[in-house]
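As written, the chain order gives the labels A, B, C and D, with residue 1 at the start of each chain.
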Amino acid sequence: MRLWGGAFNEPSDQDLQRLNDSIGFDKRMAYQDIQGSIAYALAIAQAGVITAQDAERIVEGLKQVLIEFESGSFVLRPGDEDIHTAVERRLMELIGPLGGRLHTGRSRNDQVATDFRLWTMRAIDDLRAQIRAMQVALIEQAQAHIDWLMPGYTHLQPAQPITVGHWLMSFFWMLKRDDDRLEQARRRTAVSPLGSGALAGTPFAIDREALAEALGFAECSQNSLDAVSDRDFVAEVLFDCALLGTHLSRLAEDLIIYSNPAFGYVTLHDRYSTGSSLMPQKRNPDPMELARGKAGRLIGNLTGLLATLKGLPSAYNKDLQEDKEALFDSCDNLMALMPVLTAVIHSLKLNRDKMEAGLSQDMLATDMADYLVRKGVPFREAHHIVGRAVRLAAEQGVGLLSVPVQALQALCPLFEDDLSESLSFAASVAKRQATGGTAPQAVQRQIDLARRLLS
Amino acid sequence: MRLWGGAFNEPSDQDLQRLNDSIGFDKRMAYQDIQGSIAYALAIAQAGVITAQDAERIVEGLKQVLIEFESGSFVLRPGDEDIHTAVERRLMELIGPLGGRLHTGRSRNDQVATDFRLWTMRAIDDLRAQIRAMQVALIEQAQAHIDWLMPGYTHLQPAQPITVGHWLMSFFWMLKRDDDRLEQARRRTAVSPLGSGALAGTPFAIDREALAEALGFAECSQNSLDAVSDRDFVAEVLFDCALLGTHLSRLAEDLIIYSNPAFGYVTLHDRYSTGSSLMPQKRNPDPMELARGKAGRLIGNLTGLLATLKGLPSAYNKDLQEDKEALFDSCDNLMALMPVLTAVIHSLKLNRDKMEAGLSQDMLATDMADYLVRKGVPFREAHHIVGRAVRLAAEQGVGLLSVPVQALQALCPLFEDDLSESLSFAASVAKRQATGGTAPQAVQRQIDLARRLLS
Amino acid sequence: MRLWGGAFNEPSDQDLQRLNDSIGFDKRMAYQDIQGSIAYALAIAQAGVITAQDAERIVEGLKQVLIEFESGSFVLRPGDEDIHTAVERRLMELIGPLGGRLHTGRSRNDQVATDFRLWTMRAIDDLRAQIRAMQVALIEQAQAHIDWLMPGYTHLQPAQPITVGHWLMSFFWMLKRDDDRLEQARRRTAVSPLGSGALAGTPFAIDREALAEALGFAECSQNSLDAVSDRDFVAEVLFDCALLGTHLSRLAEDLIIYSNPAFGYVTLHDRYSTGSSLMPQKRNPDPMELARGKAGRLIGNLTGLLATLKGLPSAYNKDLQEDKEALFDSCDNLMALMPVLTAVIHSLKLNRDKMEAGLSQDMLATDMADYLVRKGVPFREAHHIVGRAVRLAAEQGVGLLSVPVQALQALCPLFEDDLSESLSFAASVAKRQATGGTAPQAVQRQIDLARRLLS
Amino acid sequence: MRLWGGAFNEPSDQDLQRLNDSIGFDKRMAYQDIQGSIAYALAIAQAGVITAQDAERIVEGLKQVLIEFESGSFVLRPGDEDIHTAVERRLMELIGPLGGRLHTGRSRNDQVATDFRLWTMRAIDDLRAQIRAMQVALIEQAQAHIDWLMPGYTHLQPAQPITVGHWLMSFFWMLKRDDDRLEQARRRTAVSPLGSGALAGTPFAIDREALAEALGFAECSQNSLDAVSDRDFVAEVLFDCALLGTHLSRLAEDLIIYSNPAFGYVTLHDRYSTGSSLMPQKRNPDPMELARGKAGRLIGNLTGLLATLKGLPSAYNKDLQEDKEALFDSCDNLMALMPVLTAVIHSLKLNRDKMEAGLSQDMLATDMADYLVRKGVPFREAHHIVGRAVRLAAEQGVGLLSVPVQALQALCPLFEDDLSESLSFAASVAKRQATGGTAPQAVQRQIDLARRLLS
């Protein structure tokens, strides 16, 4: 059964049907489609378009169809071009021509937009739950290693000592922004297009606001032309997924590098490492590499949809059918990835000795400059003096703190014997207590705030 | 003057300098850089790092540098690798070594993030003003043509009659979502990274919250590692620009098609049309084509930045320097495009006769099916009957409303003489009064709501 | 069975397996995997690594596995993480531990690259066959309508008359370039990585050149590190697909616009049109809209892979597993789309009267300027004079050719009575006989050349 | 002066002019524009459209304009909307109305396509020269370190020992493919559109083939509609740039990681390192980070253009004006980047001791498995045995080669005293002599082939 065809002399070509049919992927919106149809049946009964009894029988029939879907007993038939057709076809098999009243005033254009928004609202909730689970894992590990020292890098070159808790918490805030964006995207998704018809609105006296509320939407759309072709919510969630994926890729990059034995800062648990078919000794951080690689895929899904939307004329165009697989793919990939990454974080072994061994004296050069600043040297000059001290140390093949004070005094007489005692990795970290700094106290405040934000 | 180099034996290669230097494009953040430095000077004075007098002299010097920038008299020097270096170099020329105290505890990593956020906040404000101006133009034209009839299309094929006001207002709501997104992106942009140092936070007792407030930020960042490398705000604004551009491209597509003489629904004003160097008669809708084409460019800028961010290790990496030109380009293009499009809308000539001539009787087929529905026929069956009526009309080479009722009754005995009087373009439109429908009353409610939202 | 794990204390987490396993999509390379293994077994026998008898038994076993795959009787088992594992596991079930000799010196890194290149070579052949079929359709329709006149547009505004054959042939040349690119991509794909091991090459005396030849490759790779991580061929085919898709989207845009009744230049066959669930009269050009929409998806697949490849360290990284689904998706979509589009072209009804009705006199303005040029007026001046004539005609509300010669002479005395006879749509077209011009003779030469290129 | 306007009642709006004008960026095609015009003047003289004397004066005038451009004395005027207008305007200032004959039969549509193709051909040549220079640098360094040992990684985890020459040469082959692609793209670029007019071809008897040859094109276009709107060459070069950029990003990633002191395998020369404004000790690999970051930008430029091209109707549309800045940007960035990277490679210090210290005994696990294979154990079984040996070594906290043979014999009795002598990093590498392997002899063959390919 097709929902159309009266005006046609010939049936569709088979190849066209294969190309055109969306049932292969939109069947996963069966729940939302039936949910929407149940609410719609009640709404058109309310509006007097069908009788209450008819609505009741339609709702009963739809519930039966849902049971078939949920139990896996629903059988697709040739001609079921999309989930809407399949459900209506089955409904009419179950309750007869009465089922044909359901579609009154409704088009697949507003129906599919409704289904897809409902699906997306749930997908956002699922993603946000995964984000929170990962945030919890980060907080726990940060708390447990709040004052461990590790090298901080910029440009992947030794910069300054930081604390492990600080490093881990940096990812918390990325995820926080992702969560905020998804929450706001959800609000823009929760706008009901139902009752927009094909493009011009409904000629029946449907209470669209009540219908929206019945389906869990926050409001209903204000312009039917826009409503049937608005895919902003898809683009926005795809963007949020892409940026979330980018954050995960950065965490992944750190863990991949830090788990190379040259660093050895972290060890992935056996359960989250994989081996090689050729090299028996291999322990590969596959989940982190997939996190990094999938960021590309998520970017591609976003790009593809935006390019598809570009230049479309008003109202619904079939091009919009390309929206679903992109979003399904982005959500599915994140939902497969995030639990594993969260488990990786939970089970991550941090190697304190390796991290401390990674600290080098030149990472205190800024503190040495600050030492001079506190003695009155303008920072720019202090920076230059210490730069020369660094070069001196390199020429002598010693660490920066091992250059004799006398030699330093040749660069600047303000260097004194108190220098060495005032410079240490722990002291460097401890001084950075302002909001957002790496000092354990500051990190504790971060963690406390993070916990409040989650609760 | 470089801000570094004490530890180096040799100066940078000239080619590297050309590659590395960002002064060519970041000089447009001169205002923000100086604004940030003034606030920073006061903050480190407050923290006791420099004296109040020193701060005062630094601020005086910075104001002088700003005057030079604003008057166009600032002269770039070799070695001014970025705006931060240029300003600090000039400051030291003006006030001597004291200028070297300004950078105490500050890195270009937190400085550039501060500058760029301040710049972006202003750019968002500018974009939002353009959006609002375009919304006003749409409302005005919609109000002026609230009940004019025009063909509504889906799949660019005749669908149902709609009103011109409804069509124009559909773009209002796209822009409304753009405005919402930008407003929320602005909140996430208004987070001060200043006081994060290079990556680890500041060792000085700076009141970062007060500093943030002094600069117009809403809050300050909570993690210095994140703060120096967070470019979410750039990605987010680039996305908002890309989606805004996509909306403009859809408006453009409509106007391009509707201004082809085969449609002739609209005429662009002479001032917003262009000609051909070869064909004397040409009137081309160049601004609309550029709107459509630039959507691609905006998508590219977004994609490029996301790909750049992908897989970066923690904290600042030089890759992030690629963020600015992308955002400048997206904002500049929209700021050049939008005033023209707004003027196009304001000056657009709508051709009522052409639009009405575009209405064809088959666009009332749905209303004909609804006619049967109101007589008790299930919609699906009514749809099929009317489909056959459409085919009949086509075979007879007449309009759908010109098929004799007797012939229709052969398809369904419920067709009666009242059919023709109940079917008209105006009636079709008038029935669609539910929220978001195309009826003039519904459009008036849209416009009223839109005006409230703008005020 | 996993192909690794001896060094691990604990098995992989279930979630990780779900994330990591590629069998869900790489099973479609079963043929290539087995083909590669058969050739490899013979190659290591040739190199003396295994005996000829062992090789024979392995080959027999592999052929049996292939039969199972081709008959659909192959059963996946838990632990079959990818197609390579599944085949090796089944082989060992069939022929015992001897099957474990097959992997000697081979890694999944070179194996998967081999499989995927073989798959891609076949996919390119399939795409090229589709391109040629579409080119044939275009030539046939162009030949059949070689001298029909239609309006030519630039900026979608009336420009000059052209011939239908010329318009249709313009797409032939786009496809020709696509075909060229794919042919060249195929040559770069036909480079055998087999024998590269995991990254360092094989320690066995395998004749890699002979092995490459046995598998239908044109040459073998020259650097094992590059060979296991080179995905240029994937990116290149994704690009070729994206650009091909862009060409199809342009054809689609023309047909979508030209099938709107305001133009009515073309009618899609019933078999390639679709209807609406709500509006009984609808005839939508769905395949063309999908062609346009899928161009976005193809762009997304390309972007995604490039972003994934960006910044990867040397040799194989798991990120590369993301390569397959992107290419499968692009090829599958084009293979579903192209036969339908070719059928659309073959069955396309061209409406001569509508096209001729679309011709307007102002489209001869350039010819009118050329008329003056032939009388000695510099073109720029002639252009300006005719521009004023166009304005005059518009003011008088008549066609350009209906402006009296006397009135034209006021603009330029060189206008004479021979003007009207020298200006006609047919004459305009007939004059454009230089290579690539729209005159029927020139189009015939195009077609003749096109036919030669195809044969 | 505008090249059009006769038909217009009002001049263009100022904002529209700012939006529309391309002179800001297309002026860099001045040379190509004038070159094209000189050839065109001669061609229309040859065709009898203008006299030989007129052509001579036009050519003289154009040469004068070129001199003004090259000397920097050319002055842009208001109204110079693009390079074509600017040149024609100046020409007419210099030689009077005669200059207005130049544009006969030519449109900016074929003119700009001609200019841009000529520009692109030169840009490709420049890029290819840079590629070759980098290939030479790689070969030289590979030759100089052909047999140095270093750890080879997959998944960034220790895999097998490789030679430095092998590692460096892996990038040679990536560049080789880039060069091949660019060469082929150049052939598709070298197709002359000149003589296609606005869309329909030229009505004058111009010898387009001779004109093409005069300008250095290999052939002329076969369809004028296609010719004026074909931007495949731009997309293709943008793709080639993006993939080239991706390769550079991979080299960059290796060098960034290897220059971290935890690895210390390479040291960038002082001239190609940069410092920090805050941290005096810093030595950052900025050029490599920019290489990595710019890959994103190059991907964005490609994506943007493809999205712009998507869905355009036939022939020229103004959207195409967006093509130039994207290609200029990609080429400019690569031309700024590549000389620096080549210099980085030339001046790169490789630290043999660090590389050798990075080799660990477990990287010989595959060789240990091969040892058993040579004694008759099926590889899969040998892999498992050695996996257990690796675990044993880890449990005992010793290197794999330090596990006593007796302990190994408990895993497999075929382990014998000859094990340790047959396993060494040098031996492992030396065995991989097949084509593409890491053995010094194989690398020498690579280098020899590479040199032949370059010469």
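Brief remarks on what is shown
What we mean here is this: a residue touches a chain if its C-beta (ideal position, glycine included) is under 8 Å from a C-beta of that chain, and two chains touch if they have at least 3 such contacts.
Model, not experiment: these values are computed from the prediction.
Between the interfaces B-D and A-D, more contacting C-beta pairs are found at B-D. The angle of the rotation carrying chain B onto chain C, fitted on C-alpha atoms and rounded to the nearest 5, is 180°. Averaged C-alpha coordinates put the centre of chain A at 32 Å from the centre of chain D. One finds 23 Å separating the Cα centroids of chain A and chain B. Within chain D, residues 3-9, 103, 109, 153-156, 159-160, 197-198, 257, 275-284, 286, 289, 292, 295-296, 299, 302-303, 306-307, 309-311, 317-318, 366, 383-384, 386-387, 390 each touch two or more of the remaining chains. By the touch rule above, chain A contacts chain D in their complex via residues 153-160, 256-257, 259-263, 275-286, 289, 303, 306-307, 310-311, 358, 360, 362-363, 365-366, 368-369, 383-384, 386-387, 389-390, 400. Remark: chain A residues 2-13, 15-16, 18-20, 84-85, 103, 106-109, 197-198, 269-284, 286-287, 289-290, 292-310, 317-322, 325-326, 336-337, 339-340, 343 touch chain C in the complex. Across the interface of their complex, chain C is touched by residues 3-9, 49, 88, 92, 97-105, 109, 152-156, 159-162, 166-167, 169-174, 177, 180-181, 184, 188, 195-206, 208-209, 220-228, 230, 232, 235-236, 239, 242-243, 246, 249-250, 252-254, 257, 292, 295-296, 299, 302-303, 306-307, 309-318, 366-367, 370, 373, 378-381, 383-388, 390-391, 394, 428-429, 431-439, 442, 446, 449 of chain D.
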